[in-house]
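Across the two complexes that follow, chain A remains constant while its partner is chain B and subsequently chain C.
This part shows the complex of A and B:
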């Protein structure tokens, strides 16, 4: 396991968690300590890093829109990539304050609807809060605005030299992102959502663990496995690849983003803070305490290996992804299948072992 | 028991829904057919039994809303024809069809995202069925203590009072054995099987079952005091059902927003909208008309424009509903 350099702190407290009404076994495990680790060491610091990146992005964009030139464009691009990576590390906590802000939908609905973006810029008349603009804003929009709005760096700089509407649109998109992450961080900190989350230490619907398990599973299935890899690969289009549906199409950093996302979810599973460089109590520890068996080994060991395998396979795909889905299909398929195995292990085996009901389903009922 | 008239009207609503949903399939819908079905004129139904029944929906519809529904029929026709002439995907301010998730099911919506299939079906459930229960069959005019309850209706084996109680039951939608399954239709479905809660968590269906049965037995025994208690329970629980169904669909809508699934969002909000609107038919509703209007015109979107909803606005709607119906507070997130 690659993270052995982290200080390994496990606190197995003496608090007995007797039979939950959700049917978990009797184990020596402090769920509240786990939730505390998640809230204080992983989720809030992760959001704060992303929040800082967005603030940085706003600063460099202000410089760029005041003085559009190649150097300033590159400065924006660098911060943009850092922002996109830091987003990958928090995108799956879509519950509570993030849900209230529709954070993921507002921040990362891809592919970007460049036609709407162009129209919005041309008319100068748009309301970014309308649901119809979900895919005309956020990071995918910035990806287009910085790399795709014209052909080549010089043309892109000229776009911003010449068009006040374009400059304003870039500013407005970032303002929308900033308002939302600021609201989320405020809610978790001074809004005391952290305390609320930590206090819900059961496994029933509405408990901290249930929200976490449901949201990261839904994210892993629909966004990591499908949106980032499967749909561009052609899984939903009878095997016909759709390269233009990759994340970060214009900057070409799709695979970096996917890897950052999978790694972050893996670390979350371990209870490790990617920001504070420390290890803590996580779902992995809960599964260990429950001593869940799987195919001659433990479930936690199996999941651990599967995460490593998926990450290895993602790393062997030759970038950029939009080319790989047509030219290196086997490699992309292998990664997709590895992600699918994890979906099942997490959504079916791990969730039921922990006594957590998966409540999201593909919308079909009336 | 005889509530043939109610069963007939339930079938008529089904037929109307089928006609309207042709629009969802991308086909033309005829407002003339809908108007004919509404008024039962010109033999509009495939079933001759319905055509010759002597019953209709229009004359049982809450009077102030009749024109609303006729307008919906006409708009459905216009939208469906516009779609056939120029297939368009729905967008902010643009009527068209939109897919619910990746299900392959499409719905036709207007420029605000309103799915007329739901507006018409769920709307008429309120304006006809619920309105008739509340404002006709459970009133003193029909089941008051002075209503004839000794002599049978001529040629039948029930008294007028018993019959009126049964007619209220007929508009509810449950089979006489209260099965809690797919056979529960209309309000019976939304009082129980369609909600996200288990009977242990919330049992409006059970409360209504008890009230209908106990009240019916009380009437047969001539016990007006118990009959009135059960009548009160019916008023209360039916109102709760409309509130619970609203919350259920708001929860669905929030999940749809989070999944960026506009089609499902519009489908679910269309249901929520009409269940919330149905609260207005209760003669002593617990929620204020102001709050109903605020939910419909602000929380469900600016002017009811579903493209402008947010999780915050939906939470505001939930807060208003819970304030009026605090019994639903502890299940509001599971409904």
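This part shows the complex of A and C:
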């Protein structure tokens, strides 16, 4: 070989080396496979579990309303908790069928408006379809109906023994929830939604990934961080806690619900199925494939650690949340701040790296 | 010098390019207006929001209530038709310019370089004799009909189109674009699902190739279009370039506007051929009688236009007056043809404090802004300041006495990782806003808190 050829080869290998060090030449990632995992292993099974819980709830409520006694009430309460927990695993997929059904606002608008609930029961004249009844139905309403409608277990049982309207209201609230989740599951499984979702494998507005990323971010910001933790903590009231604004005020399971919700979003981020104990392709894998750097580490690593940190901090809060916001303010505040960090990492860094626009409306750019 | 200038101003050229430009501009603007309305943007952008991000000095420009905004767009559509057919041209051109610019001034959230381009072109064509030939005005009033127009009336459009490209090219000469292929390196893999070419976008080399080609294209295309020898090939490049950007990015009508704008560089004969082809079916190209007097412009208007163009040439350089990273602080970023230059995203939350009572509240922008406004505000310091002032007024109305507003804003620029954009310890409500440098914008080099 000639001298110049040696030089050429040295330069070329130098360039190739530099390129390798900068993190690979090709992005190897199949977005469609990721969407398939999300639809088939995560979202649909998640909905189906919640659907099953609602059906179970309907069964035990039917038993309770025909024979209102303490045993039957406790049976309903047990299933209610499972139902609420299973809801936390699907609450953040508010697009497509869920959006058509107004699933989140119908299922979990809290705090429950107990005055409206009492009025509805007293009059026996209500339309749960109406938007004005959003906070008089769904899981928060059941929480009130099972734990808060009267003082103590005996009084609550008596309420249902004596009031036909109360029994009917419980039945109607569950029927409303059931109709909606049934419609959502049907749309995903027998309808074409699953296929449609998977086929839209771009990153533009309306693509499967864009809808997923936008809705979980919106949920994480508005409901996980603000509604579940921030507002009861007092971020909108000069730091003065509002304990009555916690989720599941009457049963006192707020922290369990928040943890279930954050864990579910964390699992979703990894692409893990909440029910199939199966690890698939998720946003985490996408960020790794894109080799996104963050402060000397990778973004996927950073997000992973921040989720664990937030979960750890939520676990240290002594339940129930409604007393913790006044008695253990520092612990709740630390968890809130950890959630805030995740909002930034997810909404700013991850979305930007994946080329997903954070916007819920179509618009031109330049 | 003066003699040269006078000679130049006296030179004439075929009126055909101007006529075609008028028709294409009217048509594209009509399509744009209809598209805008059909997408429901009139309501979403100009009726639904509770707050609008005005431009500095144009705070008095407010959207109309009721159906007012629909009327504005209907009138705009009508003006487009009139411009296209060349009827009541001057009135239509002035009205279109005013209506379009009014809408653009309402909210800087929707600032786009191509909207700015349209405003400028709409202003320029007010002064041009674009209705002298192949127009209803010329049929109606043969005394203005003319086959020749002053050469400068066509050159000024070429200059404006050339400026857009050239400055867009200059803006690409930076390390992120050329040495790191940012932001294309982040955007292209997201488009790997496109048919045929999609597979290429998985390779980093493609991002580098596109970055360099894009910069070279922008810098050279105005000159290549000027020379007859290269024009045809340059135009092919224009079409390919813009169709590619159209396939890759959500940039609406921009590619088509630029493709049609580039036609102005072609010769009088070329345009005459187009007119001959379309006039066969529509209206006679040349009215029977022709005016003997050429179109002339007052010295004052000419001087004014010259200054206007000089302003266009200077404005993109104003960023040099501000210290720090332009992409980060964005002082002097707009109105400078910086197109698709960076991937920037941010998140802003605010703390409103009543200093008298110690009351406070965290405000998240989603409580007041539309998602589009929220997104644009979170990366642009001037909008963060505007929103802070808005919050100050809102909370004064709510009974807060001495309102202070603090912003916690994280932004990431070309994958830098989110960092604080503005100083969270500065009470933004107490800051005034002018064209000077804002010291409360943190430098890009700052570490993450």
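Just so we're on the same page, the second predicted complex is superposed on the first by the 333 of 366 C-alpha atoms of A that agree within 3 Å, B and C clash if a C-alpha of one lies under 4 Å from a C-alpha of the other, contacts with A are read in each partner's own complex, and residues count from 1 in each chain.
Assume a contact is a pair of C-beta atoms (placed from the backbone, for glycine too) under 8 Å apart; a residue touches a chain by one contact, two chains touch by 3 or more.
These figures come from a predicted structure and were not determined experimentally.
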Q. Between chain B (first) and chain C (second), which does A:102 come into contact with in this model arrangement: first, second, both, or neither?
A. first
Q.
Let me test your reading of the model: by the given contact rule, A:236 touches which partner, first (chain B), second (chain C), both or neither?
A. both
**Q.** chain B versus chain C as contact partner of A:205, first or second or both or neither
**A.** both
Q. Which partner does A:294 reach: the first (chain B), the second (chain C), both, or neither?
A. second
Q. With the two structures laid over each other on chain A, which partner does A:196 touch: chain B (first), chain C (second), both, or neither?
A. neither
Q | Partner chain in contact with A:343 - chain B first, chain C second, else both or neither | A | second
Q) Of the partners chain B and chain C, which touch A:130 in the superposed model: first, second, both, neither? A) first
Q: Pick one for A:221: touches chain B only (first), chain C only (second), both, or neither.
A: second
Q | Greater chain A contact set [chain C / chain B] | A | C
Q: Considering only touches as defined above, state whether A:94 meets chain B (first), chain C (second), both or neither.
A: first
Q) Which residues would you name on chain A as touching chain B in one complex and chain C in the other? A) 205, 218, 222, 236, 360, 362-364, 366
Q) Which chain C residues qualify as touching chain A in the complex? A) 39, 41, 44, 110, 112-114, 186-187, 189-193, 202-205, 249-254, 339-340, 343-347, 349, 358-362, 364, 366, 370-372, 375, 378, 410-412, 415, 417-418, 448
Q: Over in the complex, which chain B residues touch chain A? Could you list them?
A: 91-92, 100-103, 105, 194, 252, 254-262, 264-265, 271, 306-312, 315, 333-334
Q. For the complex, which residues does chain A have touching chain B?
A. 94, 99-102, 104-105, 109, 129-135, 205-206, 218, 222, 236, 360, 362-364, 366
**Q.** List of chain A residues in touch with chain C within their complex
**A.** 19, 24-29, 31-32, 201-205, 218, 221-222, 226, 230, 235-239, 290, 292-295, 299, 340, 343-345, 347-349, 351-366
